[in-house]
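Have a look at these structures, which come just after this line.
Here come two complexes built around subunit A, the first alongside subunit B, the second alongside subunit C.
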Partner chain A sequence: MVGSPVQLIAIPLFAAFLIPLLGKAWKELVRITPGVVILYLLYLSVDLLNYTIEHGRVVEVIAGWTPPWGIDLVFSPFSGFLATLMLFMGLLVWIYSYRYQTFEDYDDYEPTLKYYLLLMMMITASVGVVLTGDIFNLFVFIEILGITAYGLTAYYRHRDGAEASFKYLFIGSLSSTFLLLAIMIIYSQLGTLNMADIAVKAHELKPVYKITALVLFLVAFGIEAEMFPLNGWAPDAYSQAPAPVGAAFAGIVVKAGLYTVIRLIYTLFEVGGTYEYLIVMGLITMFFAEFAAFSQTKLKRMLAYSSIGQMGLVLVAFGIGKEEGVYAALFLMFNHAIIKSLLFMSGSYLVYKSKNKYISELNGVGKMMPVTSFLFALGAFAIVGFPPFAGFWSKLAVLTAAADSGMLLIIALILSISLIEVIYYLRVVNRIYFVKRDTDLGITKPTPQAMFSMLVLGAIILIVGFYPDVITGVLHKASATLLDKGSYINDVLSLSQTIN
Partner chain B sequence: MKKVIVLILLAVVAYYLVDVFSQIKFGENRFQGENVRDFYLDKSKNDLHVSNSVTSIVVNFRGFDTLGEVTVLFLAATALGSVLYRRKAHGEAVLFNASTIVRSGAHLLFAPILLLGAYVFIHGHLSPGGGFQGGTIIATGFLLMLLAYHDYKVSHGVLTWVESLAGLTFASLGLTGLILGKTFLENFLPIGTINDLFSGGIIPIIYIAVGFKVGAELTGVLYTMLNEKEYKKS
Partner chain C sequence: MSLGSNLDLLTVTFYGTAIALILIGLYAALVKRSLIKILIGLSIVDSGINLLLVSIGYLKGGTAPIFSPAVIDKNPAMVDPVPQALVLTAIVIGFAVTAVALALVIRLYRHHKTVNIDEIKNLKW
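Our next item is the complex of A and B:
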């Protein structure tokens, strides 16, 4: 073990304050430093993940005060897996953004500095959300995540971007307020903010407090996790943000949002009916999002709705519960991160020159941009779950989990909703390859670093598709960890010191 | 019709929230046995030698949250700067000089306000106040000057330096604890005698850094926004 989990937060924070000064020495450092930091953190995180898989969770105490008195970070195979995934996606997004051309003023110093600062902190905040073991600390990280996401959504400083950002800001503030109210209820009744301690004491809550807190939490976290009907901000934010940011939303931010819902339901509270609630909400989210995606005329909005639909499927998988359900859900999250990010990255280049980003402008682009189109098609086939791509195994895992629990109706619903997904993705691929080009829009070749990011993602989709074993070991371990609530509580609270 | 439904929904939510929160007995002794309150009060006095326990909670027990909140402010200022960024400022000024009375008054008050702000954050561990409050007081001093003189300039370069160095101080104090084999943000300096100016280990240093940072950031935000107003889109 080379380092402790707190470094995953402390080092980027340190770097964030340092970068404005580094930029005064050499401007290029503003672009390079975040990448170096993320690369180091990824190394650290992979190393910690290997350690925790062998030796169990690492609980890190902050400021020397053990839980429940102080704040703690928990690096378990579950949270560690998500943190590693986020950092990996973060690294690829950074490579993709490096000298990304549509940053109209990309050699202007100020916007560049701000973009890289916000991007690095968005990744850090997502990692913080999954690592923290303290519910108020979670609130702080969600705040950081929100602020960076609003700033990046409005990065292009045009009308639509500002509108999308404002919408996001408005809903995000509502989420924060509800979250704070819920934390107040918990703290006023239990006198603790530590998640493990809350999990122990939750049964002492009077029903009215418990239900109110749960509803407030679900609304707050549901907004972050794009749960229906709280996801109105998502399509606008995804489509107005710069392309690498859209990829980061799909690969990183929404994973943090989902994590909060899962932590709430699997660890914090045990209230009857929440698992069924997840299944029902997941199915409704899927249903509406996939139909909305089907009727979209703009590429990025279609991808955004498809992303929401996928999150619905993840919620269903988590709602099935048991180890198989959680395993399937984590597998879906992993696949969604790599595949949807690839779709955003390659799709943005396919409609690069277009102002409105209509799907119809993709006609015949396959001949002009063979590699990018191929990668987009690969992503499209993978996300709808065609074998032998990565997406196939996760969809299969969801269906197996549902079948084992005897939920045949759910299998039927998932399959029929997936059919819509197949139709609209194939429609796009058909346009790319088999429809004659009817616009005179030119094309822009991806930068070499953008191409590198996309090829890496494409390679992972194929590798996981042919040898799913490379990832399933970690996923099994992670899902077992999430379900073992007793050992989570024990690991955290056994450190406790008393008033002497 | 839509509005009526929204109003009804909001009324239902408000009713339940009021109902739940009115049942919580704020300010009363609600916890028995070993609890956070007793722990914090005991450790502030005996282990940290900080007489203002609010400060010890904000900077030490929950110091990680405070580092996060400082980052929130930093990123909010960054995001604002990014959204309001203009490559070339052009247009006509809409601000005008204030009257002589306001200008002289502002000039007279500026230094005392800065002094008060510094006093508040330097004594954050002894008396009510601290970095956030002191920093805000300092920013109000600059706001006064910005309102009184329409051509008052604040150097962005200096603000960046103050902001970054203060943030780095906070983060490096935390990391030093880690490097010395303790935990992140744990105190590693002598704690001194309670109620002395030099007591509480790293706590006053962190709060002074927070004071500088908050002062510089709020000033920067105010300056950016006033400057934005100054120019009309051509």
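Our next item is the complex of A and C:
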């Protein structure tokens, strides 16, 4: 073990605010520093993940105050897997946005500086959300995540970024209000903020407080996790933000939101009916999002709605529960991160010159940008779940999990909703390759860095597609960890006995 | 510490004011059409929640939560320090969000020459 989990939060936080100072010395450092830092963190995180898979979770106590009094960070195979995934996606987003043209269009380097600063903070906050073991600390990280996301959404002055951002901010503020109210109810009734301690004491809560807190939490977290009907911010934010930010939203921010929902339902509270609730909400989310995606005329909005639909499917998989369901859900989260990021990255180059980003402007672009179009098509085939790409295995896992639980109706619903997905993705691929080009829009070749990170994602899709075993081991371990609530509580709370 | 016990006048005032503030703020945020008024509403909601949080930790006749033998011998009852720490953090976060939001409003105003939410409709609301 080379480092402790606290470095995963402390180093990027420190580096983020160091970036402006380093930029004064040499402007290129503004672009280089985030990559170096994220690369180191990724190394640290992979190393920690290997360690935890062998030796069980690492619980880090901050400032010597043991749980349940102090704040603790929990690096388990489950949270560690998500943290590693986020850092990996962060690295690819950094490579992609290195010397990204529109950033360089601005004469001064101020916007570039802000972009990297906010990106670093966003990654810090997302990793913080999954690692922390304290609900108030979680609130703080969610707020940091929110503020950076608002900032990045409003990045472009010439688009409607500010409008999308304000919308996001309004919903986000209401969400934080609900979250704070829920935390208050918990604290006033149980006198603790530590997740493990809450999980132990949750049965002492009166039903009325328990239900109120649960509903407030679900509303608050559902907004970040794009759960229906709280996902109105998502299509606008995705379509107005710069392309790498869209990829970061899909790969990092939404994962953090989903994590909070899952932690809430699997660890904090045990209330009858929440799993069924997840299934129902997931199906409704899927249904509305896929139909909305089907009727979109703009590429990025279509991708954003498809992203919401995928999150719905993840919720369904978590709602199925048991180890198989959780395994399927984690596999879906992994696939969604890599595939949807690839779609955002390649898709935004396909419509780079276009102002309105209409899908019809993709006609015949396959001949002009063969590699980028191929990568987009690969992503489209993978996300709808065609074999032998990565998405196939996760969808199969969801269906198997549902079949083993005897939920045949759910299988039928998932399959029929997926059919819509297949139709609208194939429609786009059809336009790219088989429709004659009818616009005089020029094309912009991706930068070598952008091409590299897209090729890496494409390669991962193929590798996981042909040899799913490279990832399934970690996923099985992670899902087993999430379900083992007893050992989570024990690992966290036993610290106060051993150290004192 | 529970919400229901020792309902004296002071406690009722605290909780009543806090809940009233939250409701007034929510009304402003959801009904008003001016971006500035919406933000003021969100700030009022924040204040209400902060007041509610502090009231939870309040103890009648309690002293400041400082551990020193002299204070504890004289009056062992202390107010709960945790909600106060939480409120401090929440105030700072609320301040930051409001600042970001105002910056966005300035940007929107320059773009659209209005702060009326009904006239800013390039995206679907």
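Convention: the second predicted complex is superposed on the first by the 490 of 500 C-alpha atoms of A that agree within 3 Å, B and C clash if a C-alpha of one lies under 4 Å from a C-alpha of the other, contacts with A are read in each partner's own complex, and residues count from 1 in each chain.
What we mean here is this: contacts are C-beta pairs under 8 Å (C-beta built on N, C-alpha and C of every residue); 3 or more make two chains touch, one makes a residue touch a chain.
Note that the coordinates shown come from a computational prediction; the quantities given were computed from them, not determined experimentally.
Asks: Quick one: name whichever of subunit B and subunit C touches more residues of subunit A.
Replies: Result: the larger residue contact count on subunit A belongs to B.
Asks: Quick check for you: in the superposed arrangement, does A:S394 touch first (subunit B), second (subunit C), both or neither?
Replies: Neither partner.
Asks: Is A:V61 touching the first partner subunit B, the second partner subunit C, both, or neither of them?
Replies: A:V61: touches subunit B, not subunit C.
Asks: After superposition on the shared chain, which partner residues are touched by A:K167: those of subunit B (first), subunit C (second), both, or neither?
Replies: Only subunit C; A:K167 stays clear of subunit B.
Asks: Looking at the overlay, what does A:D236 touch: subunit B (first), subunit C (second), both, or neither?
Replies: A:D236 contacts subunit C only, not subunit B.
Asks: Based on the superposed arrangement, let me know which partner A:T267 touches: subunit B (first), subunit C (second), both, or neither?
Replies: Neither: A:T267 stays clear of subunit B and subunit C.
Asks: Check the residue A:A10 against both partner chains and state whether it touches subunit B (first), subunit C (second), both, or neither.
Replies: The first partner, subunit B, only.
Asks: Would you sort A:L181 into first (subunit B), second (subunit C), both or neither based on which partner it touches?
Replies: After superposition on chain A, A:L181 lies in contact with both partners, subunit B and subunit C.
Asks: Which holds for A:T285: it touches subunit B only (first), subunit C only (second), both, or neither?
Replies: Neither partner.
Asks: Taking the superposition as given, does A:S346 touch the first partner, subunit B, the second, subunit C, both, or neither?
Replies: A:S346 sits against neither subunit B nor subunit C.
Asks: If you lay the two complexes on top of each other, which residues of subunit A touch subunit B in one and subunit C in the other?
Replies: Common to the two interfaces on subunit A: residues 136, 140, 143, 147, 150-151, 154, 157, 162, 165, 181, 184, 188-189, 191.
Asks: Would you pull the subunit C residues touching subunit A in the complex into a rising list?
Replies: Listed in rising order, the residues are 1-3, 22, 29, 35, 38, 42, 45-46, 49, 52-53, 56, 82-83, 86, 89-90, 93, 96-97, 100-101, 104-105, 107-108, 111, 120, 122-125.
Asks: Could you please specify the touching residues of subunit A with respect to subunit C in the complex?
Replies: On the subunit A side, the touching residues are 136, 140, 143, 146-147, 150-151, 154, 157, 160, 162-167, 169-170, 172-174, 176-177, 180-181, 183-184, 187-189, 191, 193, 236, 240.
Asks: What residues of subunit A sit close enough to touch subunit B in their complex?
Replies: 4, 6-7, 10, 13-14, 16-18, 20-21, 24, 60-65, 68-71, 105, 108, 110-111, 114-115, 117-118, 121, 128, 136-137, 140-141, 143-144, 147-148, 150-152, 154-155, 157, 162, 165, 181, 184-185, 188-189, 191-192, 208-209, 212, 498-499
Asks: Where on subunit B is subunit A touching in the complex?
Replies: It is residues 16-17, 19-21, 23-24, 26, 30-31, 34-40, 42-43, 60-65, 67-69, 71-72, 74-76, 78-83, 85, 87, 160-161, 163-165, 167-168, 170-172, 174-175, 177-178, 182-187 of subunit B that touch subunit A.
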